[in-house]
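First the structure, in the form of structure tokens, and then the observations on it.
For reference, chains read A, B, C and D in written order, and residue numbers begin at 1 within each chain.
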Amino acid sequence: MLAEKFTTKELMAVCCAHEIKNGELVFVGIGLPMMGGLVAAKTHAKDSIFVYEGGGVGGMSRRVPWSIADNPTAENALMIHEMWRLFSDGQAGYINRGVIGGAQIDKFGNLNTTAIIGDKSYASPVVRLPGSGGANDIASSCGETTIVMQLDKGFVEKIDFITSPGHLTGPGSRKKAGLVGRGPSAVITQKCIFRFDEQTKEMYLDALFPGVTIEAVKAQVGWNLQISPNVKAVVTPTVEELEIIHTLDPKGIMLGAKSDDEEDFNEFFQLMKQAYEAVELDLG
Amino acid sequence: MLAEKFTTKELMAVCCAHEIKNGELVFVGIGLPMMGGLVAAKTHAKDSIFVYEGGGVGGMSRRVPWSIADNPTAENALMIHEMWRLFSDGQAGYINRGVIGGAQIDKFGNLNTTAIIGDKSYASPVVRLPGSGGANDIASSCGETTIVMQLDKGFVEKIDFITSPGHLTGPGSRKKAGLVGRGPSAVITQKCIFRFDEQTKEMYLDALFPGVTIEAVKAQVGWNLQISPNVKAVVTPTVEELEIIHTLDPKGIMLGAKSDDEEDFNEFFQLMKQAYEAVELDLG
Amino acid sequence: MKSGKDKQISLHDAVEKYLPNGSSFSFGGLGARDPFAIAFEMIRQEKKDLTMITASGMDIANIVIGAGCIRKVEGAYVWIGSVGSGLNYRRAVEKGIPVKVETEEYSNYAASLRFLAGSMNIPFMATRSMLGSDIPKYNNKIKLMDDPYTGEPVALVSAANPDVAFIHVQKADLSGNGQIWGILMNDPTIARAAKSVVITCEEIVSTQEIRKMSNLTAIPGYTVDAVVQVPFCSHPMWTAGYYWCDLPFRRNFMLYNKSQETFEQWVKEWVLDTGSWQGYLDKLGQDRLNKLMQMERDNYQIPEFKA
Amino acid sequence: MKSGKDKQISLHDAVEKYLPNGSSFSFGGLGARDPFAIAFEMIRQEKKDLTMITASGMDIANIVIGAGCIRKVEGAYVWIGSVGSGLNYRRAVEKGIPVKVETEEYSNYAASLRFLAGSMNIPFMATRSMLGSDIPKYNNKIKLMDDPYTGEPVALVSAANPDVAFIHVQKADLSGNGQIWGILMNDPTIARAAKSVVITCEEIVSTQEIRKMSNLTAIPGYTVDAVVQVPFCSHPMWTAGYYWCDLPFRRNFMLYNKSQETFEQWVKEWVLDTGSWQGYLDKLGQDRLNKLMQMERDNYQIPEFKA
């Protein structure tokens, strides 16, 4: 049964969940992608295993990780690898999917998370970004990648720095470059889902979020966006999926709720304690 | 106090022990070299650590290993590595000494354990030998190597196959080849100890076992052997060293006692049980 | 990944399905955790023209060579350690008895690095081993090059990706997550390098048991195709926490492998006439197996965790 | 090897002796087991012109950058994960505040492989990462080549051998044999690659304790120069089995690092005025530390073995 009320972030998380197939080994980032993974794991992808860059594989915790190497990423894990070993397993083709984001993207799904260079230089850019982290490796070698990012001024004709390869310059270019993985298959934004044309490898608008128009999407995209002849409405969350989200993240922290005030430690302690004491783990 | 009676094998084991310096990480083979290591560890080299090719580092057992990866090599170990990791640590210079053997040796200490080719071919040799195992790696990268082998027809002008590099063709040739370790420093045989000249890198007779003459040694060596101007008598075992050997190996199995009869399992069981029950471990 | 909640199959099917004639394979372990039950099944199924990719091989390697299963060894060492000579290997290489065996020669480290490169899906790995020796002279798959950074000489070895690896572990769950105590050899690396992986284990445990000690999982289930529970799988060798090496059995084998004829008598008696691994264990007798277990556990037991 | 039965020194001496100005270093851990006590000591000793070699760095990297210790980052990522932006890194790269920082750009895997090559004493390692991207365009130490075996393109990265690595572990003996529970990052590899290694640990244990679980020793004592026992060394981050992440502390830091001026207030309050790591812990208060420990141990405890 479809839910009647949900937030955009919840919808994005559920869209992300729907990308994950059962039986996949999935590289999952923190926050929204992880929530997508948790929803998938409890619904249609019960045999999928989730891995974090810090090396934890299949961790199960009553706690929510805030980074890719927090204790919960390794708790009750099936195994824990050194980082080089985990990425080697990715390069060897064992990891079916990775979920990554970006600050800039072009029509072939190439991503920039290194620097907005603008009219300055790489060495002294307008905005220095974090760098690749593991995103380049995931984009290079995982079976396919799911991109999650805001639809905004980052959708550009030419990105300033290709940090993580999408379909590079189009058909055949990944293979020619020597890349192992098949590249991005979907881009999930707060307004719609894009996919990539099998022939041209170019991004096209595939499905719209409720209330969003094709024109509203086109207005945000910095190139002549291709549109599916049959633009779909995204599949919205079921009641069950929303319940999973609300149980795991009652305060919405995973989906990005932040505070700008000084935080009280004892409140935090009580909140966390209540949260983990409410969770029951099934370690299989 | 020096012992009055000892076997040649016991003397060889003690000579091997004397090569090992305190504080070394030592790659030790099975049998006589291991006995040398055990004697060293209990006398002058208490801070040395012994490693086996199977990956066990610093194992302590009431049992004696019969190969480089038996359970006792890893029992109570400080750590256990994959084989590639252990040899990588060797290549990185962490392992100070290796003890290896060979079927043929030349005057620069190059060793053959691959094949006696003779008048036949490498592919169908007169005698196929085991191959390098880890000997090439130890000879290539350990700080220095101690060679233990029988003085017999294997001491030849030209060996059939350089399995493990000694000083190759003389001064500077190891460095030119790109090798990390300093190469062999001593050859311990059942008759004498050879060492290598600092300038020429050529093997010379350094010390004789009791009752052995220079001529007897020269007669076994297939090239014009250099002789130290001051040939020494080897340092023979102390009472303490012999006691260590006899306690650890009451039946002389480690030093090569073999049987050609069908063996009885229950006798073996009783023998082993008595042996390990008699040992007390100090795990530090 | 190789997905699946229950990957159990029989010993017979594991060998039949994953090891066609002419394919390449690796055994896990060395001296300890050698998968003898797999080797015996290979002999019963009369496997041939196989390539064995290994660092070092001892008794188990000699037995499958003596039985005529092997055409080529890519590796560093085939012998019986300190117990005796590799007479089966000698006969096969020197005289082609029972089958001519070709050797692609490496050092133990180089052979290990081939698995490491294979596990990482990179085409080669560099090493400073084998420089100056004759090994590269007789193996043209070893390439000497000058490092593009420093100009120093290095040797390159190519990735090894055996068609199948047979790896024996102490404990595994039904998905093939395997935990190893004691020596590892290159097994975590080989599992990733091999195209197919068959895990044999002393005990099947729950996935929850595996999760208790995540840092000890050596074989990732996502690399594993099949799981077979085979108690005493490594007899006459060791398995840490389970059984001691049956040295009299190994020494008696040495009496039989002095000629091909007596070797074949041994194979008939211990491999063929026993009919199955269970038949072999029955012939050894429970008392002997119990004593091997006692000898091991008097010295080493796998640590149990407090609840 | 680095020999020695007792390698203990003080936190002060560890940083003074092994980290001269102008040298290169690596931190172990990431999010968990970051050695904050070392970072704070670096700031107190006004270290400068350092090169940080890392895969990813979070809070700890931003703090030493903000304090002006760093001239160059060889790595893949500097940010604060999902907690906030890497504003110290941004200011340093974009505007040279307080010191201009240069980046030698890699991916996490490439940065990890540099440590792996360094640990093996080989000059380079090949990867299929970074191909087709702009990373090699801006980093001429990454060399593109065709594999001599298959002709396929690969990228080479050079070995990393930092002058010193600071690695925090749960338990170590006095020789520096270190055991880690939970995430490893590249720490076993970095320990081998670094020219000097300083181990900080929550607890010093006997060597006998280490031997009980040989398969868990992640850091070989033979690579270690110095051992420092530093309880709560990773606060405000995690250490598995010891303490939970102090998220409010990290979030409050984010309020202060919005400008260099407020960042320096924060450094004065928490690093300089506290005088020592113990002073810092005292300022946090035992009750807070106890609660962080309780939160961790309610969820995860290092398994204890039955006798």
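In the analysis below, a residue touches a chain if its C-beta (ideal position, glycine included) is under 8 Å from a C-beta of that chain, and two chains touch if they have at least 3 such contacts.
For clarity, every value in this text was computed on a predicted model and none was experimentally measured.
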item: Any chain that touches subunit C and subunit B; value: D
item: Distance from the mean Cα position of subunit D to that of subunit B, given in whole angstrom; value: 40
item: Centre-to-centre distance between subunit B and subunit A (centres being mean Cα positions), rounded to whole Å; value: 57
item: Averaged-CA centre spacing for the pair subunit D and subunit C, given as whole angstrom; value: 38
item: Junction residues of subunit B - those touching two or more other chains; value: 56, 74, 80, 88, 91, 180
item: Residue numbers of subunit C (touch at least two other chains); value: 120-122, 127-128, 152, 154, 182, 184, 212, 214-215
item: Interchain pairs in contact, sorted by label; value: A-C, A-D, B-C, B-D, C-D
item: Subunit A residues within the subunit D interface of the complex; value: 30-31, 53-56, 61-63, 66-75, 80-84, 87-88, 90-91, 114, 122-128, 130-137, 140-141, 161-165, 168, 173-174, 177-180, 259-260, 262-266, 268-269, 272-273, 276-277
item: Parts of subunit B lying in touch with subunit D, wherever the complex brings them together; value: 22-25, 47, 49, 56-60, 74, 76-80, 88-89, 91-96, 180, 283-284
item: List of subunit D residues in touch with subunit C within their complex; value: 121-128, 143, 145, 147-150, 152, 154, 156, 158, 180-182, 184, 212-216, 303-306
item: Touching residues on subunit C, where the partner in the complex is subunit B; value: 29-32, 55-56, 58, 75-79, 81-83, 86, 89-90, 93-96, 102-103, 105-110, 112-113, 115-116, 127-135, 138, 152-154, 182-189, 238-240, 244-249, 251-252, 255, 288, 291, 295-296, 298-300
item: Subunit C to subunit A touching residues, read off their complex; value: 1, 3-5, 119-122, 177, 192, 206-208, 210-212, 214-215, 217, 220-223
